[in-house]
Structure formats: structure tokens, C-alpha cells
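Two complexes follow with chain A in common, the first pairing it with chain B and the second with chain C.
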Partner chain A sequence: MVEQLSPLGAAYRPGRHGRVNDTVGATLSERQPGSIVQLAAWSGQEDAMRALIKDISGLELPATSGGGTAEPAKAAFGIAPGKVLLIDDTDGIFADYSAALPENIGVVTDLSHGRSAIRIVGPSAEWVLSKLFAIDFTSGAFPVGAGRSTTHHDIFTQMQRSGEDQFDLYVFRSFARSFWQTLCHAAGEVGYEVI
Partner chain B sequence: MLITCPYCGPRDVSEFTYQGDGNRTRPDPDSTDLGAWNRYVYDRVNIAGEHNEIWQHSGGCRMHIAITRSTTTHKISSVRAMRDAGPGAGQ
Partner chain C sequence: MKPQRTGIGGKIHRARTIRFSFDGTSYEGHPGDTLASALLANGIVLFGRSFKYHRPRGVVSAGIDEPNALVTVLRGDVREPNIPATTIEIFDGLVAVSQNRFPSLAFDLNAINQLGGKLLGAGFYYKTFMGPVIGPLRGTRFWMFCEHFIRRAAGLGRAGEAHDTARYERVNAFCDVLIVGGGPAGLMAARAAAEKGDRVILAEFDPTFGGSAKWSGETIDGQPADIWTQFVADDLRSMPNVTLLPRTLVWGYYDSDTMAALERVSDHKVKAETGEPRHRSWTIRAGRVILATGALERPIVFPGNDRPGVMLASAAQRYAGEYGITVGSRVAVFTNNDSAYTALAAMKAAECSSLVVVDVRSQISPAARAAASHAGVELLLGQAVVGTRGYPSLSSIKVQRFDPSSLTTSGVARSISVDALLVSGGWSPTLHLASQAGGRPVWDEEIQAFTPPQPLQNWMAAGAARGAFSTAEAVAEGYAAGGGETADDAEPLPETEPTILLSKPARVFEIKAKGKAFVDFQHDVTADDVRLAHQEGFVSVEHLKRYTTLGMGTDQGKTSNVPGLAIMAEVSGRQIPEVGTTRFRPPYAPVSIGALAAERFGDLKPERLTPMHDWHVEQGAEMMPAGLWFRPRIYAQPGETIEQSYVRETRAARNEAGIVDVSTLGKIAVQGPDAALFLDRVYTNTFSTLPINKARYGLMLREDGFVLDDGTTWRLGQNEFLMTTTTANAGKVMQHLEYLLDVIWPDLKVHLTSVTDQWAGAAIGGPRAREILSTCVQGTKVDNATLPFMGIVHGTIAQVPVMICRLSFSGEMAFEVYCGAGHGQHVWNALLSAGQGFGLVAYGMEALGTMRIEKGHVTGAEIDGRTTARDLHLDWMLSKKKSFVGSAMMDREGLSGPDRLQLVGLVSLDGRALSGGAHIVEHVDPEAPSHSLGHVTAACYSPSLGKYIGLALVSGGKGRRETRAFVSDPLRNRFGPVEIVSHHMFDPQGTRMHG
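What follows is the complex of A and B.
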């Protein structure tokens, strides 16, 4: 596997920050999945696309807006009508889908090098994200596995709740450092750890 | 102002981009009727009240949507996906 170069650069500072002698409100990290792909089904082919995703990746997606599922090494969630973002720790998933996806069902786009994956986990994760995004983060409105497409100050973000108090954020790679710094500022108040 | 995206649910207006008046009909691209093109490009009904508009959820699912919005109260009485509503949906 090719070693990935992080776009976070010097802004990525492992260790405790903010309220360093107190509890950790949130833990921030950069995930570096081998593959990030977008799957887009033609109108009326959404069920066929979900079936294909189940065949290839074993991920079962609910047919709801933003419906998704998250496993430790792979995840997928709805980002728009007929569109799914799929993340896999393994390299080369694009080639698998490219080979298996019939052109009458939809198309696959490789975004592995176009997005950065940032994880925030902890008791204050919802609170920190609520400062940045104008969406409802309560678990009733945003259940585990579900995804959202939203924006923070024009930085387009696709996110998935991958655990009770855990969110994975996918931002454009070229904006990732700026977004990371904003996220760190937002988390300072609750005390955070970068791992 | 909140717009309820058919896919994403209620979102702040800052996530959306206005795509124009939904009341106009684009002339046939082959048409050389200058009057029809002039009306399409320049004439607006400028309603004080219920207005048909095209918006895009550009900071979300990126869907194009047909909206009926009151220009006096900002109350939105109808939101439909353009893919369901089809061409000329603003009317």
C-alpha cells in the first residue's frame, strides 16, 4: 500500500489540548482509509445498487435518506438521492466496483485522494459538532449508521455517525487542514486529545 | 429561513443556492423568436406573494428543487424534487 501523506501537516499535533488536567471531551484523529468511492445509481436503479453493495462489500444499507451502516473497517451511507459514499480500509475498492457495476445501474467515482477522513469521538462530540453544523445531532434524529451532507462555512462535509458518540467526517482534501484547525478550536473548550 | 429538502429534511437557507424564477419557460433552443428569448431572459413577474422558485441544495445533497415561497412572509408552501416534478415544474 502506498504511504499516504496527510494534508493536515503541522496542524496535526498529537497529544492533549485544552483543559489538559481535566477529562477528555473529544478525541480527534485522521483516518486514512485505502478507498473512498461515490456510487451513483440511475433513477429507478437504487435497489439494484444497494444489492450490488451488499454483494461486494457485505454492507446492508437501509433505503432511507442518508441510510447507512458502519463497520470497523468499512462503511457506507446515503449522501443524496441514489448516491452513496463508501469507505473501506482496503486499497483498490474502486477497481472492484468498476468491474462489477453494470452501466445500466449507475457509476462509481474514485474519491480516495479527494477526501480526508476525520474522526471525532467522545462524550462531547455532539456538542462540538453542533457548534459547526446547523443540523440535529441528537441520536433520535441522527441514528448510528446514518449519514448527512451538510456545510460548515462553505466547507462541504459528508458525515456519518459511526457510533453512539462517534462521527466520521469527509471533507475536501484541500480544505482539510483549515477544517481540522476549526474543529480543534471548537473542541478546546471541552478538552481534546489528538491521536 | 429554513427550507425542507425532500432528501435531507429542514436545513438553513445558507446551505441552498437560488437558481432563479420558476415561472419562465425556456424557448425551444432552435427558436429564433427574439421576443420569446427576451421574455425568457428579462421578464419577471415580481410577485408580492406566492412565488415559484428553483433552488439547489448546493451545500447538502445537491438536489435541484422546485419551491413555492411567499415573497412577503418567506413562508414555503411547497417543496418538490425537480427530478420528480420535471421540466417546467416551477409553474
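What follows is the complex of A and C.
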């Protein structure tokens, strides 16, 4: 199996950067899940799509705008009305859904190469992201598991709160390096580590 | 006596010394000092020169309202002009210089402007520089001649040209309550809201919280007020639902209670921490807003009121109380209200040797009289200051009897020797943000000031910002605004001293006497200027502002607004509320441009990179922008020109094989049971008949019948298509299609997804392209039977799944190889490796453009939003069997006339290169340009034809084939003959492409 080449290139520099503190404010990493798929339900078929996701991936999604759930090896969240982004460490999830998804419920699109997954975790993760996105990141407004679709600097971004102080960001692959550099710049104030 | 530091007092940290410089001289100050207070402590009274007249100017206020003491701060080569010295926190190594003076602040040659007198009054420019009707300086030329000198002689500070290396950031914040202003009202509001559990942001312009309580000398809750405020602030700081923002200016009130603020993160530091910004721009989306912005004291307009040593009474009180400075030893107070009497105790405590109060009122309150008596001052009631003397700073004032009802002076003027004059003309609530939020401010006759309008958004004012000037009102209103419990059994509010010296001023804004009496210090606008403007017909307050520049400048009329309106009201025989006030606009005070740009500073747009980007760079490709994308232009070899490079690359592609990165093409997944029907509607030709694993070239029109975009769409399944678009139009097409599905045909079951980034694309073409593919593709054949023109096959290359479509933009036998973007470089390498024995060469955009020009294929240069399918000879794609977007409009008159600009080919007849944008004319005469027939859209040297060629849009182009015309390009001085030919200039039968 040929591995995907990271789009970050030389911009990915492991180690400590920015302000030097005893602890880092945020840890940044590039995740490389085996599968990223988009599931889009026809109007009125959203419940059926959620049921299918539960059957195939075992993920139970709340029927709320941006609702989602995150587990260590897989996650899913709403990105638009009727649309869900599903991420799985396993390869080939697209084929599973292609085979199982009835035409009358919706369609599945493989985005495993089209989106780059970037994780930010740490006590200052909310603060760093607040510099880039006009989103209320406090846990009351943006609970664990939930997702948001937004934009920064012309870069469309889908994100999920995958932990109390952890966010997974999905950006178009071609923008990934630019976005990564912007994210690192924003994290410089609190000190960050790239792993 | 000059101002000096008192032996004790103030909130500065005297144990530590800070060294800084002003105009090249070193001074010392203490932490807690502003530049203004530190300079005063060093006896400096001359801070700057005025805008037009270059009059010496001192400090007027102690805060953000300062109109005079503007300085330039230098950090290395970076200079930031027009910063009020009253707002700059000193730090070791601070370098500040005065501005608008030559050669020095003490001796300014331009002070000669004062002799200009009325010549330099309101409308000076408009009247003086209309210019003669004839002659070399006619019209505006005279102004342009003079402008250079005037700009040098008048103005504020000089902006620098050095690159600003500071870091700027922005941040978004959300809260239930935003409180603007950290004085007693703001602190109590924050406390009340926080105790209720609200998410609170409290923003304060100063470095510390407390507002006037820091220097008023009063007590709150049984403690010195400054101690109480720090206690409350510390309490708030410990609460998790409270964010305290000191050094933060809330400068804009926008729709939906969205507020703009500027945090000065590291201006006060010798050096910012690593990664720390200089300024941070906050966008705060608040559930509601509490304006606890306090009030600003007003000066009184009288002759000589701008002389250094004349300052606001509250400023002197603050310098004494917060910074431990006495502003003079012989101090006079000139007032029209009681509040100035609160300064007397502070002046006495600050070791002033003599005090006199000049009050325009004949009767004053018992409290004021008692304060005067307690301070042991001479009380001059019913009198006014009619003049000042002293150079460069105040040495005496002239006082004369004054009748506040007739506003006239009488009797003999008396001269009093003073070195400081503290003025109070009443107080104006700081209602700028409320005004920005909408509504007209309301005039309050009792306090002679505008108060905030009826809220049109979710805000409320508390304390002095509402016109309630006592500390007790500030505490109570702040607490109530914050949502504090006000029931009888609720916890009592902090106890405050009774405020008996309130601003209920006499209606006196100006003392008329001989001499320049300034209304707007910063722009040198005098009372006579306001009168002159009225006399010349500028009766609207908005016109007054623009004609006289009253209220403009960096201070935006904080001290001049109401006095100016009062004078205008008087000359026009109206009341102040009838005159009205200008609507305040953001920003409340200057905001650094860098903070607004924030992380975009130096990085205007993100870069979009293909999966093979690094390879292109490593090969020495010259990269060129294509929208946000970067694409290789040429892969130059040492010593090659651009033309030599692309000619070499083109020849290789035509003779052997070439490969080009086409990952940037827009790609849209069109999925669903109605996908084919949808495509039939959006394309001019039919797609529902397209077999699976076949592609078709498609043309899209806008609703108005003009061409929108073109591209191939591949049918990958019964209900699944992969649409490709031009690189430039991908976003536009996606938006167009989503609009159609969301608004026009919501019943269609079709989903669209941008998959541009999912696929890496490589186009490999040329006589040997098929051979190359056959050596590296596994799992499928690529022969003509398996992969005919517009056919699609699936296989693998170097173990990576690929999808190959046989189509051509170059005119050669060509194939587009798509794979997952993460495998793009891997497959690209495999193709290059396979092509080694076949002369495969990577080519860039120039070679791609050359081949498409030779073939007459259109791109965005021709699909420019003004061309129709017929113009581009694509009418064969307009289906007559169905309607489609644009079909109803494409045949309208004007879109099908014979004289429309039509696509043609051009051949240069003089052997010289053509340029895009050059006009096509029938006869060339550089001195008498003839009517343009059209323009060149693209040009190149064609190695296949051995000529310079181009494409053009020419009126009636098809009928002009085989005729001669000329290019006319005056901009580049290029004129010459061309032959108009068919746009199919190379292999018109397509034999190379079809094999």
C-alpha cells in the first residue's frame, strides 16, 4: 500500500516553537486517517442516513445541526444540512458505504485524499483557534463531538471538537500548507509543539 | 515654576526608574507614568506645534481626548506618528519625537504662519487655490504647484516608510455582556453580571482599572477609591467567567452588538515576547453591551486658550492624583460649573503656592464656596479669562467682569500672574459608541451636553456615560445595568461619599474678546472660523465640519464638538439641539492598520499548491500564480529565455511526449439519480446519453446567454459524474450550480461536492504518450480499442489506482491520468520514469498556452464574460433538442449579429511578437489611431508554424479571414501588420489527436 504524501512539506517542523514556556499552549499534528468520506442524505432521509452510519461505523450521531461524535479511531459530524463528514483510521470505508448506501437515502463521496486533517490539542487550543475563526469555542457553545463548517482567510474549514481541549480540522488539501503555517503563526504566542 | 514631581503622592512606582528620550534628550520617569506625565515631571511644557499656525502647544488633557500633545514614537526605523503623549506608557528605551516643526520644537520657522492671520482661516485652500483661468498654472495646476509646500508646512506627524516588523493579530470573542469602561460603573456592572453567571468581558483603555477613582481622592466602601477599584478588579480577575481586557480600546459599535476593540498587547514593553503581538484586534459578539465610558471635560473657548500651561481641570487633578505631579505653583481655575472645585483640594495637596478661581457665574453653590474656602483660594465670581500671556508657556492671564446672561465682558481687565490655568467648561458624556449604534443623541439642558440616544441595539449606558456624574450614581447604575439584585433585602451597594460638586454648568461656552480663541486645538479651528463658515453659508453641522475641519483629526473633536456647536447655534440664532451633532463613526480613536490586517499582514492570500508543487520547485520551475494556485510557467534550462524554454518544451511535446500538471482544474462530483438530467439542463449539449466510462466536452452558458465556462465531464456511474471546469472558474461554476439546485430546481436529487483536491492530475500527450502509458499502466490496456478518444479506463500505476481519460487540450494524442492527490507525486514520478526512454519532458503553462493557441482552443482569455458560443465558433454545441440554462436568451438580438467580436487566429507578418491586449485595426497610424476592430487575447511563438501567432476577438472576424489588418499597441509602442486567419492554425483536422 502506497502511503499518502503529506501536503505540508517542509512547513511541517517537529519540535517546540514560539514562546518558550515550561508547558506548551498547544500541540499541533497532522493526522492521516485511512478514510474521509462525505455522506449526503436526500431531504427527509437524514434519520435513515444516521441509522446507516450507526450500522456500519457504530457511531451514533445526534440529530442536531453540526451534531457529531468522536472516538479515538473514528468520528463523524454534521457539516451542512443532511451532510456528514465521517473519518475513520481504517482504509476503504468509502467502498463499504458505496456498497451499503441505498440510492434513495443519499450519496457517498470519497474525500480521503481531498481533505487534510490537522489536530490541535492543549490548554490554549480554544484561544489559538479564536484567532482564526469567528466561532464561539467555549465548551457550552461547542460541545465535544460537535462540528462546524466555517472559513478562514479564504480557506474552507470543517472542524470537530474531539476532546475537551482538542479539535480536528479538515481543510482542502491544496490549502493545507498555507493553513498550517497560519495556525503555527497563531500558536506562537502560547508556545506550541509539533509532533 | 514649571511642572514638577511632588515629593509624595500618585500611583507611580517611585522605587524604579525608567529612562526614555524625547527629541533626543534623555529623561527619567517611573513605572505608571505616561509620556506626558513623565515629561511634565521633568518640567517640559512644550509638546508640539499646532496644525496650521505652528503655535506652541502643551498638554491639554491626561487621556485619550488629548488634541495637542501628539508625538511620533520610533522603534528602530519604524515610526508611528500622531500618538497622544497622554496615552503612551513609558518603558526603558522609549524614543519619542515631536512633530510638525522645523528645525526644532523650540524654534519653529513655520510659526511665521501666525502672521497670516485670517488668510489662513476656514476654507483657505478652497479660496486660495482655485487657480488662474489661463497660463501655465491654470485650473488645478496652481494647487498642485503649491500643494508640496503646503503639505510640508501644515499637518501632523510624518508616516514612515520602513517595513513594520511588528506582529499583529486578531481574535474573535463571544460573551453575554461586554462592558466598556473600567471605572466604578463598569466594575460594578461586571461584578453584578459575573455574579449572575454571565460570561463577561470588561474592557478598559488604561493599563489599570478604576477610571477617575484612581485619582479622584474619594473613598468607596470605606477605602480609598483606587484601592477599592483594584480590589474589585482582582476579584473579577479570579472569576472564570470574566475576561478583563486592560489597555483595550473599544472603538466600533456595529450591527447585532458586534464590537471592535484594539488591545495594545506589548506597546508598553521594551520588547515583545516571542510570538506576542504588538496589537490585537478583537471582534466581540456580545449578547448585550454596557457603556460605562464616562465623560470628557470640555474646555472653554477664549483668546489664548491654547497656550502651554492651559489645561483641563480634571487633567491637572489626574496628574496630581495618579502621577504625583503639580502642574504649576501659581494656579488659576477658570470654570462655568462646580466640578472644577474638586480640583482645588488636589492642587493644594500638590503643593501649589497660590490659587485663584475665576468663575463666570455670579452665584455658586455653597459646596463650591466651601471648597474654595477650604483651599484658601481667591474667588473671582462673575468674571472670565479674556486672554493669556507668556512664551512659550503661560505666565499670566487677563480677567474681566463677565455677564453670563448677555455673554459680554465689561470693566477693566486685571492681569494675574499664573503658570497654570485649569479650565472646566462642563462635561460631555462619552457617547460615541452609542451614537455609532444608531439614533440621535439627546441634548440635556441641565448638564449642557448631549446624552446617549434611545438604544436601537441591545446596549445601555451607566454612570457618567449617561450623564449621571456622581460616584454614587455610577456605582448604582453600573450594578443595575449588570443585572444586580436591587430588592430591599439585597446586599447593600458600596458606600460612596456624597458628591456635591456636580457639573451643572452655566450656558457659557465662549468668552468673546480680542485674539485667537481656539475651538478645535488639533486643527487650529477658531471661533472666528466657525462664524466665517456660517457667514459663507455653511449652516448645516455636517457642512461646518467639512468646511472648517472642526472635529476631524485624530481626536475627532472630543474636546471641540460641543463648544463648536454652541458657537454655531449662537450665530445662527438657534438652540444647540436644533443645530444637532454629527453622527459619530468608528473608530473612536485611531487604530493601527496592522491590527486590522492582523495575520494577513504580509500574507494577503493563502497559497494553493498542487500535489506535485515541491517537485516543480525542485526542478527549477518558474512558478506563476493562477488565482490562488501556483503553477509552473516554464522549466528553464541555464541561459534560456522564457521563449526559448517554452519553445523547447512545446517541440518536445509535439515531437515526442510532454507531461503537465493539471491538478488545478476544477473538479465537481455530481451525484444522484437526477445527475444526468441536471447536466442536460446546465450544459448546452446532452449528457444523459453519455455512456458510463466516457467523457464529453461541455459548454455552460449564463442565464443571459453568454458563455460561462467549458470543460469535460466524465460519467463514472449511472448516477455519478465527474465534472471538470477551468482552473479560474471552478468556484464560480460551483456557486452557479449550487444556486440552481437550491433555488431553481430544489426537487432534483443531486448532490455536488468539490473534489478538486481529491485528485491529482497529469496530462501526458504527444506522439509517444500512449507508448509511455502502456509501459507503466497495469490492469487495463490503453490501446485505441480499449481507450478511444474520450474513453475512460481504470487501472494502476506503480500500485496506485488511477483513472485515465483520453482527451486533449494540446492537440496531441493525450491522456489525463488522475489518482488520489496524496499519491500524485508517486504517480508523477512513475510516469516520468516510464517516459525516460521516450523523450518525455515536463512542460509549463507557457508551452500549454502555445499548444492551445496553435489549436485555437479557448480559455478564460476568450471566455471573458462577453462572448457567446457563436463568437467562439462553438455553436455546434448548442442543442436544438432541449432547453438549457441560457438557451432562452442566447438568440436575442445583439448576441448573434455578424459584427460581433469573433474568435480568429492571427499571424504576425513582420516577424515580431504579438502581445495580449493589443488592438486590431484596419489602418495603423500611431498619431491618429483608428477604430478598434477588436483585441489580441493570447499570443506566442509557434514552433510548429515557425511564426509569431495569436488569437484575437475581432469584429466580424470570420468574414475577415485571409485579410490583412494591423496590431496597434501604443502602450508598448508595437504596431505592425498581421494576417487574420482561422483560429485552427495547427492540425485543423485533428489527426494528431485522434491518432
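By our rule, the second predicted complex is superposed on the first by the 192 of 195 C-alpha atoms of A that agree within 3 Å, B and C clash if a C-alpha of one lies under 4 Å from a C-alpha of the other, contacts with A are read in each partner's own complex, and residues count from 1 in each chain.
Methods note: a residue touches a chain if its C-beta (ideal position, glycine included) is under 8 Å from a C-beta of that chain, and two chains touch if they have at least 3 such contacts.
Computed from a prediction, not measured in an experiment: that's the story for all the values here.
Asker: Have a look at where A:Asp154 lands relative to chain B and chain C in the superposition and call it first, second, both or neither.
Answerer: both
Asker: Once the structures are superposed on A, label A:Ala134 by its partner contacts, choosing first (chain B), second (chain C), both or neither.
Answerer: In the superposition, A:Ala134 contacts both chain B and chain C.
Asker: Is A:Ser174 in contact with chain B, with chain C, with both, or with neither (first, second, both, neither)?
Answerer: A:Ser174: touches chain C, not chain B.
Asker: Considering only the touch criterion stated at the top, classify A:His185 as touching first (chain B), second (chain C), both, or neither.
Answerer: second
Asker: Given the superposition on chain A, which partner contacts more residues in chain A: chain B or chain C?
Answerer: Comparing chain B with chain C, the partner touching more chain A residues is C.
Asker: According to the stated criteria, A:Arg31 is in contact with first (chain B), second (chain C), both, or neither; which is it?
Answerer: So A:Arg31 meets neither chain B nor chain C here.
Asker: Who does A:Gly66 touch here: chain B (first), chain C (second), both, or neither?
Answerer: The first partner, chain B, only.
Asker: Considering each complex separately, which residues of chain A are in contact with chain B in the first and with chain C in the second?
Answerer: 134-135, 154
Asker: Enumerate the contact residues on chain C facing chain A in the complex.
Answerer: On the chain C side, the touching residues are 169-174, 199, 273-277, 283, 285, 598-600, 603, 605-611, 613-614, 628-629, 663, 669, 671-673, 719-720, 749, 751, 753-760, 798-800, 820-826.
Asker: Over in the complex, which chain A residues touch chain C? Could you list them?
Answerer: For chain A paired with chain C, touching residues are 1-5, 7, 9-10, 18-20, 38, 40, 42, 103, 106-107, 109-115, 127, 130-136, 138, 141, 153-155, 172-175, 177-179, 182, 185-191.
Asker: Would you tell me which residues of chain A are touching chain B in their complex?
Answerer: Listed in rising order, the residues of chain A that touch chain B are 43, 65-66, 79-81, 83, 134-135, 148-151, 154, 156.
Asker: Taking the touch rule as given, give the residues of chain B at its contact with chain A in the complex, in rising order.
Answerer: 7-9, 11-12, 14-15, 59-63, 81, 83
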